[in-house]
């Protein structure tokens, strides 16, 4: 974990210390911090990030290209040694450093096709994606032209560095980088929040599902912690499972045998990594409804 | 397929023809039909069935026991040759004649334990059950005492023979032996029935799921045929899947990318084989509800 | 009530009898039937009506104008003697022959303004409207130009005569002139249709509400008869009231005191007189939902 | 408005000052405060209140009776001069000091019947009731026996004085005396909170309805302030009205003309004055649902 700075202290550091502090936010490109230094003081963390991206976007095309090319390939096993610590943590969080052979082949083939067509590595802010949505994006973006992808690479770098910066710099005006997934269970037989409902959250991949969280609803029918929080949500498919038959049995509410509703699955997709997804369940032993709430 | 008789014609047949017509409804026990003959004429098919069950229930204990014992073991491979055509069809419909080795062992062990404890074969109206609910019933009933199981065997025989009889005899007052599963999709954005929604129905077993039906909703938001009909519903777990993202995309209704709701799963259990289960979906791209309707 | 004819018999009548049979469907204009006679035989009732409207639309402008002008003023008390029996029944059904003095003044003023601007009486198919929607249409149409209103008058005459014709002629291909309002109550605590729920239907006018129907739900949670049927629905506002607290109390379902939900009102508007409005209630003592169903 | 004290300061006051501070919390009975003084120090405001009620409940029957009798009649016009300031404010909040002649007669008759039967005035914590629920309680309690009503009077006095005490004494462990009514509108077409929905809240009396609050939903689909807060909710019937057609029209969502749903009324009763009633609306132009939420 890198050291944390306040925006205030950053604003008062001399150039070498400033660049030492946040220079590696941009992959192998401390010149970005060097040039942004001239724009001090920064009123907000967002303004600091915009200044740094402004340096990148205003740099000559060859420099931009070299900068983009200095980013690692996605899911590469061979280039593992070149990864910065941040890149490694980001890609590792998705299991991209633990790909099966078949998946590794798919990623390798896509990486090669992309590099051959565009001459740059495929860049994407992995922390905003599931493996499936990365593959989908990979395939979609392969159909673009070079200009579009040059821009897409910079946009994704902006998303990547924004996340790195807010992890490094504390201060006012942080850009919104965190999403949240929450739920709420209402028992429409008793008119009260449903307490003690076992909830499981799965990520549903094309090939597998993985358990992300388990929780028990509290006396307000909510989970003590959001189901996902503290960073961007990953674009992808999810399933919430609510063990409602056990809940109603524990409360003595009449059900059929077997219960009409046992474990209620709610399958949904997340499209906005920085959004709030509230996915409640209103339930009786014979009915339920759900919706994207707020 | 056996020959079909009308209740009217049965009422007018002489004894030998009467027993030839419906004697085999009771497994290896044409004496039941012989004795029921004296109760003619029957006003309803249900009355005929009750008369036959009355003969069984009024017969001496030893005869009842011999009658019960003449029923085949469930899922037996070895005694295949002894099965009546009806028993074979009933058990085959559930795949009990195609058990895996592990399942065969489970059934064999349960059969042996049951036979040893009660001295009679485990009898259950398989057409009203999935494999999972048969196993559940098997385990539950193993805890009963002998008297309870003697009664349970006769009750199940009543259910089995009722089904056989309505398949053999046409006439007024048929007992209700058919359940029905239907659905209905309402598009709450347009206020209209959702036409063209792809629906899949699965049976969800403990170890596997199997596709039972596929359908497309018509202009009334319903399927042209019930999802299940024409016989008892099987007690067990099911999942309906509704391809709502495709539907809304085809209708130009705005959705997120990826769609918040893609394929909506509704998982439910059936407890009443002769009941009507109407399981509708009221849906927008951001919400849905379901309930046991009528 | 006029005599009923079959389309088949109409097709075979000589001209005088043909016109005697349906000549008065068009107000004071038996020449329409005379001219339509030449288009026999008619395959459907709709084709007969289209032929008659075709005669009107193809007639010279002065004749059309005279024909339109022969229609009575709406809500007129003074010209009561001139009304055909059909007009009287249609306007009477809405209480337009029992207007209060204030309402009479409003109608008189609108009639005069309309007549002065367009030189024709305001024509509207009253059986498709409530008093409020007639007033709304009156005001809306006063802003039109003369051509638009000439066309509107003919369109309304088509609607009026279509209703008269289907009341006079039986046969294949009747145009759809009947709407239907129905409901359905599901008890989501028991998972069953709610039986014995008292339902009241009100028309909600700007100045008053009037009770249109009362019913008790049957064992399928529906009313034995549709709440409105047998003719066009009237465009306007309605309120259904469901006495759910009484229902749940009668069924021993726990409620608060006083009950959170007592009489549930559902207020909605009808816009399609020939449509089917199914307005169900899914209810527990603590929640409900409704939707336009099918 | 009386002076506010902290529990801490009350705990350290000498007897005369202590009784001067809170003596009038109990109607014409500063002896209650005098006797409670001996139980200092009080850890919580609730403990102080319990100590005072303990004094009342432990006092000799004749003293209790005299104490009860010193309370004013409900809705009395004649005895207006005797009312303490608190009683006047409490009864005035409900309009009990502005009764019509007919209502005054009803209250007078009930007061007389009650006084004659029980020899004490009818005491009820009016701030927890609407006029209708007071009448209902009046009639219900008239059927009780004297002992039950003596206890009921003390229970209501506990509720009345609890409210007075929390208005006078600040400190830890305040008893819960405040309820809350809130709402929330979700637009299920867009999957977002509905912003800008006009909401009206009415109290629905047996004879009249009165507007209690009007609000516009904010960007979270909620009202900036709870619809009712800051004190007990009044037991009674309410109606929320949501102007959904205007909302959908402003957002360009397709509706019929007239809109199927215009102003959606949700009628409900409050039974728990200290509870939280969250009554949300999930809505499309063709459907809605509501429930008691949390």
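Letters are used for the chains, namely A, B, C and D, taken in the order the chains are written, and counting of residues starts over at 1 for each.
Please note the rule applied: a contact is a pair of C-beta atoms (placed from the backbone, for glycine too) under 8 Å apart; a residue touches a chain by one contact, two chains touch by 3 or more.
This structure is a prediction, so every number in the text was calculated from the model and none was measured.
Enquirer: Through how few touching steps can subunit B be joined to subunit C?
Expert: Minimum number of steps from subunit B to subunit C: 1.
Enquirer: Need the most distant chain from subunit D, centre defined as the mean of C-alpha atoms.
Expert: That would be chain B.
Enquirer: Are the two sides of the subunit B and subunit D contact the same residues or different ones, given that same means over half of the numbers occur on both copies?
Expert: Over half of the interface numbering overlaps between copies: same.
Enquirer: Per the centroid of Cα atoms for each chain, what is the distance between subunit B and subunit D, given in Å?
Expert: The answer is 57 Å.
Enquirer: CA centre of subunit C versus CA centre of subunit D: separation in Å?
Expert: Distance between chain centres: 48 Å.
Enquirer: Taking each residue of subunit B in turn, which ones touch at least two of the other chains?
Expert: Those would be 186, 188, 191, 256, 260, 282, 286-287, 289, 291-292.
Enquirer: Show which residues of subunit A lie in contact with subunit D when the two form their complex.
Expert: Interface residues on subunit A, with respect to subunit D: 184, 186, 188, 191-193, 220-221, 282, 289, 291-294.
Enquirer: Which bits of subunit B are touching subunit D when the two form their complex?
Expert: On the subunit B side, the touching residues are 186, 188-191, 254, 256, 260, 282, 284-287, 289.
Enquirer: Which subunit A residues qualify as touching subunit B in the complex?
Expert: 133, 235-237, 256-265, 267-269, 271-272, 282, 286-292
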